[in-house]
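Each of the next two complexes has chain A plus one other chain: chain B in the first, chain C in the second.
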Partner chain A sequence: MRDIYKLKRIVPVFIFILPAVSLVIIFVYIFSGWSAWASLTNWRGIGHFGEFAGLNNYIKLFTQDPIFKQCLINTIELALVFIGITIPLGLVIAILLDLGIKGKSIFRAVYLLPLSFSFVVSAAIWTWMFAPTNGAINTLLRILNLDVLTQPWITSTKQSLFCIALVYIWQFQVFATLVYYAGISGVSPNLSEAAQIDGASTFQKYWYIIVPLQKPATLTVLTILLMYTLRVFDLVWLMTGGGPGYSSEVLATYMYRVTFNQNLFAYGASIGFFMFVLSILIIIPFFSTVMRRSK
Partner chain B sequence: MKSVKNICIKRIILYIILIGLAFFYLFPIYTLINTSLKTTQDLIWGPVVPTKQIYFGAYREALSRIHKPLVNSIVITGFATIISSLLGAMSGYVFSKFPFRGSTILFFIVIIGFYIAPQSILIPLVRFLGMIGLYNTYSGLILTHVAYGMPITTLLFRNYYESIPDDLVESAKIDGCGVGEVFTKIILPLSLPGFAVVGIFQFTNIWNEFLFGLTLTRGVATQPVTVAVANLKGTTFAAWNVQMAGAFIVVIPVMLVYIFLLKLIVKGLLLGSIKG
Partner chain C sequence: MQKKFIGIALTICIFLFAGLVGLANSSSKLIIYHWWTAGGEKEAIDSVFNKFNQKYPDIEIVENPIAGGGGGIMRAQIKTMIMAGQSPDTFQLTYGTGMIGSFAEVLDPIDDLWKDFPVPAMVKKMGTIKNHQYGIPLNIMRNNCLWYNKAIIDKLGIAMPLETLYDFYIACEKVKNAGYIPYAVGAGGGQKFWWVHIAEQFLLGLPHGGPEYITKLYGGKADPANDPAIRELLEALRRLVVNKYINSDYAALTWDQAADLLMTNKAAFYQMGDWAKGHFTSAGWKPKVDFDYQPSPGTSGYFTLHLDCFVLPKGAPHRDAAIKWLKFLKTVEAETAFCPIKGATPPRLDAPIDMYDAISKDILNSFRNPKTKIVQSAWAQPPEAWLDVYGDMLSAFVIDPDVEKGVKDFASAYKRVFGFK
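Coming up: the complex of A and B.
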């Protein structure tokens, strides 16, 4: 009798979470497993799944593929430039907005605008901004009589990756600002008042009291930014196509190119599964702290 | 006196920095709108010089190429947003108000899905949709967006329902209400702000999405507008006004949402990121 009662209570609970849980398990976990399995074959194109090939794809990936190595270096470089600028800038802007200036909400709204844009739109705008002969940046420099500063931008092997990082900063920087702003607003006013009574300057107040309290916010921002760097596809694919040469090719675009342009499905799956492993590595620090806090 | 002057100078420097940043954010948007309103002849003056006249020819040209994908995107985004928000509300509600043994682990398993790079699942996804006959269909894209929306909608709704006191639910449970009744009678009427936040979040993400649209559709009959706008580049060489017009058409709906519902969006971003 009691069991039936319990069953009657628990079954509706499961029905409520069944769609979410089953969709995620199939589309995320089973599919990732499928990628892992496919990466151990020689599957080419749609159709026949190919034969078992052991670790051949991974051996090729890590020892015989200079383009993959280049993609790995590019992805790391992109992360370093993008995150290295976004996090300090986000913190600084959040503090500036916290200083009690007029028009704070207008500034915030302006900074927030690009975050709503599709990467497809950003890619179109910035390809036009960076166009070397008649693009907006070089035109503006010429109008200002600063011709010496004009650059080849995305058409140069040295600058293409940096240009993509700049667009990423343009679009995502405000996310860091928002999280830090919320973090700074969350600092107890007593703390900063106490600091001021002790004679701390505004700079000292922020540097010694408020900034050190932003570690959780930093971890959140870092995790999200790393996640977005790893999966960056649209911007690279549409702005530079990974070029010139392979100077801006990243893991995500290379995976797509190998799979859908060269029909090397198994090889593409090995890059895809490698990216699954990286995704998990990225979130370990974040989730271990969140889980510790939730206990 | 000196310190007053000092503070004044500091303020001015502060405003110069903030306005400089605003220029960095707005100049590309100015370029976008300015170019989209130019005639083809006017283009030789480049993107910086203001357009000589307000000309909508580039918009007509862009629309003639992307009107079908625009409809596709409206249908796909509409259905996927509504379905994923509803399913997320249901699961977020259970994870918040009806915890059971192992529910925390299950919750983390669900939300970790948000962090997995889509490239990890892309090949099986294409293959799977082909197998069940949904490759290159609206339903295929809707199903995909619903599935990959589950982690974030579940997380957002779980965090939103945490702010609704447990007492409300407890007293209803004592009155003999089951999970379904508590949901429809107590939780749903209180969920409007939650649906607004999650709905906007999903709408923006799905409307803007490119990779799934590119991989899972073929041709204008099904492709979303983002893919069609990206294709404007290949067909009309250097017709920057048409490309910019197409890009601006994609931006209009999300920009309107952003301008009018800014507070809800900020709330959504923070609800999803801070509490984990």
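Coming up: the complex of A and C.
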């Protein structure tokens, strides 16, 4: 009797989650498996799948492809700049919002705006801003007689990746702020009141109580941003196309070009599968922490 | 009463749904993909669509223009569609052994459509894969064109045409000293492949280069690590960069934005195929008055070309409409609707030439001159990967123009295009 009751409760749950789970299984795991299999072949060009070639593509990737190494380094650099700035910035702005700065509602509206832009729009805006000859930034600097500060921006091998990181920061700090703001809002007011009674200043209250309590929020933001950085494609593709040279080429753009422009489908699949493994490695600590907490 | 109402509503819904499905699968559609979106080319293909619609008013053209990458973005899209079993009815490709060869397995041969199509034998040959034809070429493009701003050139008293690369560098120096950009380049926004185009025209005019070497190189039979032509090419590109003959923001501009540097009197020369003429004229510039052209220095008597064609993919959902489209494209009417606006040359030998401007007539006469040596461009002869691999390699070279390293990189890129195992 109890079993039938249990079954009656479980079956609808399974029915409800079945569509979502099926889609994830088909489009994530089956296709990732298929991609892993493709990476072990010599598939080139459309029309024929190729034959089994063992780990040949991976050996080539890690030992004979300097562009891949450059892309990996660029991806790591992009992650460091992007995440290294986005997280502290998001936290600081969330604290400012929590402090109730003047004109908070206007600030919030203006501040949230970048989140509503698609990457295509952002890329168009910032490409125009960064244009070295008649872009907005350099033009403004010239108007202010600060010609010495004008930069080549996206046309420089040394600055192109940084420019792209800056646009990602501009767009994603909103997300970081929202997560932190939710985290800060969730801190029990009793803790703040207790700190105030003990004579803690506002800075001390945030530094010793509220910020340390944001570890789960930080972990969430860090994991999501890290995973996003791994598959960064849109802004790189639209703003620089990976150039000049290979200076802003990242793993995802390289995978795309190798697969679709060079018709090396199996080789592209090996880059894709490598990215998949990296994503798994990033997400494991997140899940293990979440699981530990839930226990 | 309520049951009756629901029954009627359901019947209507079923009929509507069936009607919509029927409409979606009707043969009165033509799903077409192309990459003509810039000034001149957009107007040109629209003109062909209009003519086609006049002839076949029952066929609705579902146009999908995808800009970017010299067609690379559109080709990538097409590949995913074909692999997913969602072939369009027809799509644009550059016409040549390498490019069509990259797609031949997923295309249907159209040998029958090639009957009574009076194009030069060489054109037919360059699109023949294993004795079959796969595309109907609509226009011929000359690649080795050096465009110039007449006002600047006249003002500086530079005698045109420039016969050799040596003359070209002297002219560049003069232009630079006068405060203009000598040579406009736009290889930004994912268009690194324009370095391939520039390199090709340099290679054609170099002592160890020329048509035979380019054909050998694109055919996978060269030895770039030891061929003197490659060293000469990299030296020539190095000279261009080191002497600052190109605009410093080349990595932020697309090809049409670089062409605009001529129109805004900022740059004197611009290396681009004859499609640049369509861009100039669509913006109101007058041929021979505001701008003019010459074959790229050292390439007089040569004609680097590629053609645009449309193909018939296997499994095209509206095959009859696609065949009508391809049949229409091979007519004088279609070529005449398209080529004068785009600034291109009609492939048909019987296409009239009186409606073309002086520059197009000159290009056309050069093409039809039996003494002209025709060379397939990087868009036509080598495998599709050439554009991407060498776009990367050359764009990296111009940042760090070390010739020794460049030769090694060139040879390694060659291996990737022809010897990737």
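Keep in mind that, in the parts below, the second predicted complex is superposed on the first by the 274 of 295 C-alpha atoms of A that agree within 3 Å, B and C clash if a C-alpha of one lies under 4 Å from a C-alpha of the other, contacts with A are read in each partner's own complex, and residues count from 1 in each chain.
To be clear about the criterion, a residue touches a chain if its C-beta (ideal position, glycine included) is under 8 Å from a C-beta of that chain, and two chains touch if they have at least 3 such contacts.
Model, not experiment: these values are computed from the prediction.
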So, after the overlay on chain A, do chain B and chain C clash or fit? They clash
*asked:* Going by the contact rule set out at the top, does A:V211 touch chain B (first), chain C (second), both, or neither?
replied: neither
* Asked: Thinking of the overlay built on chain A, is A:L222 touched by chain B (first), by chain C (second), by both, or by neither?
  -> neither
Exercise. Have a look at where A:T240 lands relative to chain B and chain C in the superposition and call it first, second, both or neither.
Key: second
Exercise for review: Return first, second, both or neither, reflecting whether A:Y256 touches chain B, chain C, both chains, or no partner chain.
Suggested key: both
Of the two partners chain B and chain C, more of chain A gets touched by chain B
(request) Examine A:V187 and indicate which partner it touches, taking first as chain B and second as chain C; both and neither are also allowed. (result) neither
**Study point:** Touching partner for A:G272 - first (chain B), second (chain C), both, neither
**Key:** first
Exercise for review: Please indicate which partner A:V24 is in contact with in the superposed arrangement: first for chain B, second for chain C, both, or neither.
Suggested key: first
Shared chain A footprint, chain B vs chain C, residue numbers 46, 127, 135, 238, 256, 260
Chain C residues touching chain A in their complex are 69, 72, 75-76, 79-80, 82-83, 102-106, 187-192, 247-252, 383-385, 387-389, 392, 395-396, 399-400, 416-417, 420-421
Per the touch rule, the chain A residues reaching chain C in their complex are 42, 44-48, 56, 67, 127, 130-133, 135, 152-155, 157, 160, 237-238, 240-247, 256-257, 260-264, 267
The answer for chain A against chain B in the complex is residues 9-10, 12-13, 16-17, 19-21, 23-32, 34-35, 38, 46, 93, 96, 99, 101, 107, 109-114, 116-121, 123-129, 134-136, 139-140, 143, 170, 175, 178-179, 182-183, 216-217, 220, 223-224, 227, 230-231, 233-234, 238, 251-252, 255-256, 259-260, 265, 268-269, 271-273, 275-276, 278-280, 282-283, 286-287, 290-291, 293-294
The residues of chain B that touch chain A in their complex are 11, 14-15, 17-18, 21-22, 24-29, 31-32, 35, 44, 46-48, 87-88, 90-91, 93-95, 98, 100, 104, 106, 108-110, 112-113, 115-128, 130, 144, 146-148, 150-151, 153-154, 178-180, 183, 204, 207-211, 215, 226-227, 229-230, 233, 240, 243-244, 246-248, 250-251, 254-255, 257-259, 262, 265-266, 269-270, 273-274, 276
